[in-house]
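Listed below are the structures to be examined.
In what comes next, chain A is part of two complexes: it sits with chain B in the first one and with chain C in the second one.
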Partner chain A sequence: MNRILHSFVLETGAELLKAFRAPEFIFPTLGMPVAFYALFAIMLPGSNENAAGLLATYGVFAVMGPAIFGFGISVANERDKGWLDLKLAAPSQGFSYIGAKVFSTLLFSSISLIIIYLAAGFGAGVALPQSTWAMMLCVHLLATFPFILIGLSIGFTCSGNAAMAISNIIFLALAALGGLWIPMMLFPQSMQTFAQFLPTFHLSEIALFVLGATGERNIVYNLMCVGMMSIGLLVFTAIAWSKQRSH
Partner chain B sequence: MIKYIFSIVSAVVIVMLITLVFILPTNKDSDNLQAPSAATSDNTLLLKNIRVFDGSKFIENTNVLVKEGLIAQISSSIDMQKLGDIDVIEGQNLTVLPGIIDAHTHSYGNALEDALRLGVTTHLDMFTSELGLLDSIGQRQNLQQTDKADLFSSGTLATVDGGHGTQYGFAIDTIKNIDEVAAWVTRRQQAGADYIKLVYMPNQQKVPSLDKQTAQEVIKQGHLLGLKVLAHISTYQAAKDLIEADIDGLVHIFADQVVTEEVVNLAAEKDIFIIPTLGVIASADQQNSSSQLLADGRISGILSAQQKQSLGASFEHSASGFDFAIAKQNVELFKQAGVTILSGSDSPNPGTAYGVSAYHEIVLLSESGLSNSEALAAATQDTATQFGLEDRGTIEVGKRADLVVIEGDPNLDIDTIFNLKYVLKNGFRIQQKLAQSNHGIAIESALLGDFENQGALQAKEGFSWGHTHDGYANGNSKATISQLDIIGVAGSGGLRVVANVESGFPYPWAGATVGDFSPPVIGVDISAYSHIAFDVKGTQGDYRVMSFTATATSIPPSQNFKVSQQWQRIRLPLSAFNGLDHSQLSGFAFVAGPALGEFEFVLDNVGLE
Partner chain C sequence: MDNSPPILLAQDLKKSYGPVAAIKGINFSLQGAGVFAILGQNGAGKTSLIKCALGLEKVSSGNLQVIGHPPGSLQAKRQVGVILQDSDLPDLLTVREQITLFASYYPKPFSVQQTIDMCELQTFADKRYKKLSGGQKRRAQFALAIVGNPQLIFLDEPTTGLDIEARRNMWAIIRQFAEQGKTIVLTTHYLEEAENLADRIMIMNSGVIVANASPNDIKKQTTGSVIRCETQISVDVLQTISGVSSVVNAGRFSEIRSADVNQSLKEMLNLDPQLSDLTVAQPKLEDVFSALSQGDQA
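Up next, the complex of A and B:
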């Protein structure tokens, strides 16, 4: 056990070090959500009225980047280069490899969230009870996990180059069609129906619920959908992972 | 090295996350309220270290916890830790009263909004249209956020054809003979009436009235259905008749003579209640106390155009039988004998207004033998008790959080009740500021009519000339107007008005109007002008100019003028139209009446100066 922990700590340290040494990857994923939020919630005239509601959805957007790109592309690359095979053959545990990536992704998501929350609180003038701030932060952090699974699925199934393209497509589709950028109610009905199949939609609904935003929502339904999607992704990832191992 | 990176980065990020939660702005230090939080709902709050009038007595320096629209706790010590993040009103030098109940209103138009804005959270209506009464029952039972006071009502009133109550321009269900009474009372109950009101005005020739036997039958049938029966009376004799007939309450005090000991004792023995409506009696007796209210800076800013207009209005003539001093004396005598006195305003009669007059009535009661706390109880707990309103009227655990917070101590100085600070309805704070009123644009031309050219009667900036008469209010008067070339001043064009003023409406009128009365009426701003002036000649007699505010529907403010066979120029100061909103004038009317007869007059050179 101690050895697993030890290797997990070292793996995570290495992941972080890699990110610090290659900031060209991490800056866009951290900078884009806050830039979008600043544009839609602060700078556009009239947008400020819904700054809190937009924080709920852009918070989901903020954790998507690190999870999908961090996992999808890096796992695919490492797989491509045979580094993954080497790792699996080495005494290092599979758990610590994945665990380190999960943990460092959470850390990047946190940083991304901190930046966007600061922009909301001090730039857009959003004021909420402390308990609501804390609850929404938790929801956003937990929202990282479904995206990690999406990233892993991409990483285990695609080659490095394909992963780059597919991650981008999935990232943009989830964000735009899930209503993270523009409130869902502005969408035509058919697109609103389609959004029901996207985890981003349900996660943002959960965040909006915690916020107490206006509108009717069935929080149990949203939680169930996210749960089912996560389980589905988990199964898919597990299969891809075991194929990888047996390969 | 790598080992430390993990610990350091993790620690830094976790500390940042926790710090973030604590430094982000919360609702309290920002007035930029974004979204209502799920954690603390809006109808939950604490009134801290506040003086409480609980409906009968004062409690100094206590705390009142409102939870989801209901009063949850009243105690001198309260555990702030346990309450967590909650809206707090610091009660330093503030007093919280139960929401005021106005026990005599006629609630139509924006009555319930106007009342609630001033902290009158319940209206006991004593005659209104029965449309929508059933809806109001659902309204007053829930705890939802609302901008309206709750309504209880008698529905229509028991009167005869042509009797008091039939003059307001809409048909009402009258009682033609005594056999109809049972069915009539049942219809009231089915329409959603909470109690029965009858009009009993015997021994006078002006208007027909129910006779004594029929009035007794109304009381009997009402009681059979379990409804309280209340009566409009205006004389000692009428009151005596009905107290003997087991009436539950009188909705006015009589002011024609000082009450006898016999009747006082009978009233006490029968345990009736009286809603004196001193404010409207003061107005009928031309006491002019409402002009003080209009000028009171503490409340004038939150009065709507409708409220200002009805408050500024006055009865045309001092009516006999309304002696304000006798009214106060009678209240005092009944009170001393132990008869329950309740507070009601009878708004929006001339000189009264929704909301504000309920407070004025409390002050008048405190001048008529009631102590300050008795006068407040008359507008809260006592009224709730007499009308069986179980969920309101007191500040007790479990009661509806309809609350008024005022600055000062009304136990020492009753006038402090006008220092309105906050109003809560079902625990929700009520916005006291008026919504932005529709200011009309400034009127373009001061000339309203010189009648020189063809088409002078046609609309000009929406203003056009027309005829007006009380036929719109079920009266029988008629009027015609015509523009003629040579009848005006010095042989120029003028407007000929032929008015037949007939009886049928209490204040009959007929004549000509100028203005924009076609909906949506926005009105024009005439605040740049000080007078309306016009040339007139015609049938000798008393005439008046009525003025209309776009957003008000009550009795229009008027001024009288005399006409003779000779041309004269009349100039009336606009400021003397009491209650007219100069920023949204919809027009003027030049009419004959209320004296009956045929009148013919010519108007010329009508304009603002």
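Up next, the complex of A and C:
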């Protein structure tokens, strides 16, 4: 047991080292969310009024990068290069490969969230009760999981090069069309309808609900949609994983 | 032989990918330490065999056992190390970091430093994998294959793409492990490599085993020597000379395989006293290989 734990710690450490040594990963995952938040919630004139609402949606944006890029591109690359096969041929625990990535992704998401929370609290003057900050953190961290499943779906089905392109497209599309950058009510009706099919929309609605933002929302419906999408993705990744393990 | 299970045992082993049969029912049993080379052209079934033995691919039918365990089982994996063909390690981790991680998978690994010393990685152990030369990368991969102190090491084309010095370097390290009592299963299409390293050679062609013996015994399977010379005698006539089994034109030279070199040469010199640049060579493994792995002669 001790040995498995030791191995898991080393595995997670290796994931973190790989991530921190890759500027092309650090920038979109840690830099971009806070840069966008600063622009839209702090610097643009009049943006300050909605700084709290934008915190809810940019928090979802902040956890999306580490999950989609960390899993999509890295798993696809590691499959391509035979690294995953080498691990499966070694007596490593299958779950520790995924587990270590989940762990390091959550750590990255947390760092990304803390940066954006600090920008909101000190830069934009967002003042919330401590319990609301805590609840928001929980929602944002849990929001990582559907994105991990999206990343895994890409990682298990695409080649390394394709995964790079597809991850970027999905990342940008989910953010823009799910209303993470610009509030959904500013979108035309047809795009608002389309957003119902995106997990980003529902997750940001849940975060806005926790924040107590104005506007009507059906939180049960949002939770159900996220749950169903997650189950669908989970089934998809489980099939892809079992295909990976036995050709 | 003692009573311990064979290191690798295949009984009527078959593997197909959809309608394509990669391995068509092979049988062999591998015992004891040493280097065992599997030779064959691309598509012969070498890599499929290794992937099945590692549990990365499922056997279609028949039996395959790795040190008495089913392939891919934890007991088997703990006694096996591997260099996979065309595989690479993560670019951004140092060699030492990768070895440390891999060592943690095994119950009784070598220490990280011991591994670095054995594979002679000292000068680049703390460099990131991305920055290594081709030969250094392969040695780092070899370190991961052996760090768990396995009994059986699979090396799938370990020297492909390496220059001659890096290749000789790998050979020395592989040899050293065989001498420590390990079994090394090596696939290659470099005959020189098999000839230099292997205690036993198995030649595969289109999914079947066409030869399985020591390098010397395999060479003996092709009888006769090769006479090489420049001569005016036509191929048709050469083929009628006694002892001659085959004739090949190689540029201005003729290569004549003969079971009775003395008699053949006498007749040839009678027919063509101007015959020049004469050499007589023992068959090389390469000749055996091309004979066995091309047609259905075997």
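The rule we apply is simple: the second predicted complex is superposed on the first by the 241 of 247 C-alpha atoms of A that agree within 3 Å, B and C clash if a C-alpha of one lies under 4 Å from a C-alpha of the other, contacts with A are read in each partner's own complex, and residues count from 1 in each chain.
Keep in mind that, in the parts below, a contact is a pair of C-beta atoms (placed from the backbone, for glycine too) under 8 Å apart; a residue touches a chain by one contact, two chains touch by 3 or more.
These figures come from a predicted structure and were not determined experimentally.
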| item | value |
| --- | --- |
| Combined model on chain A: chain C and chain B, fit or clash | fit |
| Touched partner set for A:I182, first chain B, second chain C, both or neither | neither |
| First, second, both or neither for A:L10, with chain B first and chain C second | both |
| Contacts of A:S110 with chain B and chain C, given as first, second, both or neither | first |
| Of chain C and chain B, partner touching more chain A residues | B |
| Contacts of A:A35 with chain B and chain C, given as first, second, both or neither | neither |
| Touching partner for A:A165 - first (chain B), second (chain C), both, neither | neither |
| Partner chain(s) touched by A:V235 [first = chain B, second = chain C, both, neither] | neither |
| Degrees between the directions from chain A toward chain B and toward chain C, using C-alpha centres, nearest 10 | 180 |
| Partner chain(s) touched by A:V210 [first = chain B, second = chain C, both, neither] | first |
| First, second, both or neither for A:R21, with chain B first and chain C second | second |
| Per-pair minimum CA distance [chain C against chain B, superposed on A] in Å | 7 |
| Common ground on chain A, meaning residues reached by chain C in one complex and by chain B in the other | 10, 14, 17 |
| Chain B-touching residues of chain A, taken from the complex the two chains share | 9-10, 12-14, 16-17, 51-53, 103, 107, 110-111, 113-114, 117-118, 121-122, 125-135, 137, 209-214 |
| Sites on chain B touched by chain A in the complex | 1-7, 9-10, 13, 16-17, 20-27, 29-30, 32-40, 84-85 |
| Complex contacts: residues of chain C adjacent to chain A | 17, 51, 54-58, 74, 77-78, 80-82, 84-90, 92-93, 97-98, 100-102, 104-107, 128, 144, 148 |
| Touching residues on chain A, where the partner in the complex is chain C | 3, 6-7, 10-11, 14, 17-18, 21-22, 78, 81-83, 85-86, 88-92, 246-247 |
